[in-house]
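Naming follows writing order (A, B, C and D), and every chain is counted from residue 1.
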Amino acid sequence: MNLIKSTFTNAFKNIFRNKLINFLSFGIIAFTLLIFGIFNYLTYSLDVFIGDFSRNIEAIFYLKDDARQPEIENLITELEENLLVKKVTFKSKNQAEIDFSRRFPELEYALSEFKDSPSPFPASLEVTFRQENNIDIKISTLIKEVEKLSIIEGKEVNLDWAKQVTNIKKFISVVGFFLSLILIFISSFIIFNVIKLNIFFRKDEINIFRLVGAQDWYIRFPFIIEGALLGFVGSVVAGILLFAALKLFPAYAAFMFNIVKGMIDFEDIPFNIFIRLILLGTGIGLVSSFLSLRQHLKPSND
Amino acid sequence: MIEFYHVYKQYVKSQFALSDVSFSIEKGEFLFLTGASGAGKTTLLKLIFKEELPGKGQILIDSENTNLIPQKKLFKLRRKLGIVFQDFKLLNNRTIYENIAVPLLVRGIRRPTIDSSVNDALALVGLTHRKHYIPAHVSGGEQQRVAIARAIVANPKILLADEPTGNLDTELSIEIFKLFERINANGITVLIATHDDHLMQLFPRRVLKLDKGKLISH
Amino acid sequence: MNLIKSTFTNAFKNIFRNKLINFLSFGIIAFTLLIFGIFNYLTYSLDVFIGDFSRNIEAIFYLKDDARQPEIENLITELEENLLVKKVTFKSKNQAEIDFSRRFPELEYALSEFKDSPSPFPASLEVTFRQENNIDIKISTLIKEVEKLSIIEGKEVNLDWAKQVTNIKKFISVVGFFLSLILIFISSFIIFNVIKLNIFFRKDEINIFRLVGAQDWYIRFPFIIEGALLGFVGSVVAGILLFAALKLFPAYAAFMFNIVKGMIDFEDIPFNIFIRLILLGTGIGLVSSFLSLRQHLKPSND
Amino acid sequence: MIEFYHVYKQYVKSQFALSDVSFSIEKGEFLFLTGASGAGKTTLLKLIFKEELPGKGQILIDSENTNLIPQKKLFKLRRKLGIVFQDFKLLNNRTIYENIAVPLLVRGIRRPTIDSSVNDALALVGLTHRKHYIPAHVSGGEQQRVAIARAIVANPKILLADEPTGNLDTELSIEIFKLFERINANGITVLIATHDDHLMQLFPRRVLKLDKGKLISH
């Protein structure tokens, strides 16, 4: 009991005994984890951003001018009952014209020509699909079936584009994963070497401890604690810096260039990232000090 | 207590630091180890506390063959021993008090016990007034006495001292030797490596004499 | 002469004598500079990307249907002679229709209505301006003047958008500068502390050198060389890694998701970046080891 | 050559490591500095080579007041001296050969000259066969001899030796002292701090004796 207490005391004292190297390594770890956090956050926000785009796969079916109201209503009901479909909206010829001029205000001049004649735009059904995993093929089939109906004049589908977006999303998460891996590797490498340096630095001390009868774990324990603590404190500081950076930077930017304020809206920093940072930092600290010990704290005589 | 059987030690090829050394020391003996510079005294002591391994031969400490002690159990051997190192081996980032406390700390002894033991040891070597100094801030002789205090603080079964009075004046050296005698009187085996012929004459005991790695008298 | 040679030899030997710490610090420096290089490159390529957009400020003047040919030609000549104007293009009513359907293929259905009647789109003049520094106001004035002419029905200008883009560009370069500053600061901090650690590590050695009669600069010189060399080698390695990353990553990405290959075209890595990296690395190494020495290698007795 | 005028040294309040020490050593003298452990011998030597500064008093080396030497010129003072440190102060990441070469290297001497000087010094202390070892791999006495070789290799004007035979057997100690005598015969001033009464009797010279920081005989 007393031995364990003394070991802990020893571990903490050691950290302060080697202020310099620990301060340095702690700074490096915080820095690496901060970069990690920033990349992580960027990946996350790109993910959210792209998610917004890809959530809706839409198809627009243009109706023939001579399509009758019951036929149209029939189709709407049918589509609404389909499990793949999320929403169906009917757009009349007039609505289409209004929407068009709203969407392309530059073409006001072009449209002004037709002001008096009836709307040149066809009525349409806008169908939004539910997007779950890989039901794209079913949706494609459904779209083709609807298209063949006699009241449909043509269609417009953003399915290809949705696929592309999903791909980009996948690509970005792979890049993020890749980058995270590299950064984790670098963090581990640094902590591993810091512990190695620490062991090297305290070689004499360790040897003296052994010579006066210290058990192996009594010597190892402080290093493990130290590694974990370095990782932990480093990640907490990185988290705080990340938070500060994401909060302060947009404010600064908004102040300097208030036009682009909306562009860099970091409002929702997921709490998740902090937890991940801290777990990661502590874990890296533990594991790499453990490995470093195993490799470098070999007994002198064998 | 300490038995050497045909022990050889080679650091580099074709040069024996120890060659065919055999002797045995009884429990409770007080004896000297002597020999010219480079004769192998420190090497012999290092073999006893297994900082070095013999090239050939067997070493028995407390009837235990040191060759057979696994790394994990080595601390048990070391805890039987109190060692004064020739180069002191003090921790420079700790006070003298803390240095002397280390052997007790690693044994998991409680603070109050540690405190009284360390203070006793400090008094024995006359360093109570240097308690809170770090080793770099005391004189060479004072450092040597810290090393001696650390060796005796944990009540070892065997005391090994490598040149323990090299930095001490004659008067203090005699006092330290008297201290070793008192410790020996409590049944502790004491082996002292020394060059000091004068001191050995004042304390006539059995002498192991090395010459170029060979034991020429025992 | 011989003293200088011996000093150099000593400096280089020292680097190898303290392999561990130098390897570590070198790795950290390379890493920091790599991150620096990546950010630098990203800023650069965003810059190029946005530059493409903002290069052309355009205005489109819609002509009244009753505008006569000579009047139009007059205006064109006048505009072409103006120093602010780069190019003037006349677009007839038919051309406008073709362009429209090309630009908005989704609206094919809408347009098909007018197939037989004359084109509903007005003829127009597309004017591209030269964009040099801050001549926006002059361009604005010119546009207002042209607008007042009797043959002009309306106008469409992307000047506001161009301003916005210029702002974004400015914003990004500020962000890049900001980030670079932080990274330079961190690199310096690390080298500063590595040298400090090194001094600390070799305190005894330095002291012994002093005691046997070494001059101050004989002791300082190896550290300076060492700092500069660390920075230099670190930046060279960072440069190589950056090059490898920018070359290999798109290849890897293209292999994995061949759709997005065009998106990440890192073809032209400016050589500039390498030179900047190396100068920066060496400079940081020199300056921070110099500062570290000044602060930490004080003579023991005063 | 070495003059002390009412020199005081205090490391901590209310404790004088040296108090009112005055003496003068002529060029070419050979003398001993003695006193119990902690008497102030090492402190006195440190004041000579300006590793420590006196609290009060003046110290003249070669007629130069050390108090007035600026940091930038300190190396000139140090180059007049050869010093054997009580704790050797060897560089552990260099071989014995390289250790002995350091004082010559920092003076910018050419390689061939260095080589012959170092080899001569190695021969004088009997360590030619340990040339390529690092200090950690030789015995305590051998390390001490390396320290001695380094002190004499650059032909100093003054040789200061702090306990230079603490780790040597009597025979070798006598030899080292004879070496010091030969060096002294070349006109070099030699000041040796030692506890060894026996050796001082064998080499009867002037003795500076310290007791608790006070010079009680000179």
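We adopt the following convention: a residue touches a chain if its C-beta (ideal position, glycine included) is under 8 Å from a C-beta of that chain, and two chains touch if they have at least 3 such contacts.
Since we're looking at a predicted model, the values are computed, not measured.
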Ask   = How short can a path of touching chains from chain A to chain D be, counted in steps?
value = 2
Remark   = Sorted by label, the chains bordering both chain A and chain C are none
Message = Suppose each chain is reduced to the average of its Cα coordinates; what separation in Å results between chain C and chain D?
response = 62
Ask   = Using CA atom averages as chain centres, what separation in Å is found between chain B and chain C?
value = 68
Query = If you average the CA atoms of chain B and of chain D, how many Å lie between those two points?
reply = 29
Remark   = Multi-partner residues in chain B (2 or more other chains touched) are none
Remark   = Flagged in chain A as touching 2+ other chains are none
Message = How are the chains arranged in terms of who touches whom: line, ring, star, complete or other?
response = ring
Remark   = Pairs of chains in contact here are A-B, A-C, B-D, C-D
Query = Okay, in this complex, where on chain C does chain A touch?
reply = 20-21, 23-24, 27-28, 31-32, 35, 62, 96, 100, 104, 106-111, 113-114, 120-122, 153-154, 156, 164, 167-168, 170-171, 174-175, 186, 189-190, 193-194, 196-197, 200-201, 253, 256-257, 259-260, 263
Query = Tell me, which parts of chain C touch chain D in their complex?
reply = 2-3, 6, 10, 17, 204-205, 207-216, 218, 299-302
Remark   = Counting only contacts in the complex, chain B reaches chain A at residues 49-53, 71-72, 74-75, 78-79, 83, 85, 89-91, 93, 102-103, 105-110, 150, 154
Remark   = The answer for chain B against chain D in the complex is residues 11, 34-38, 41-42, 86-87, 137-142, 144-145, 162-163, 166-173, 195, 197-198
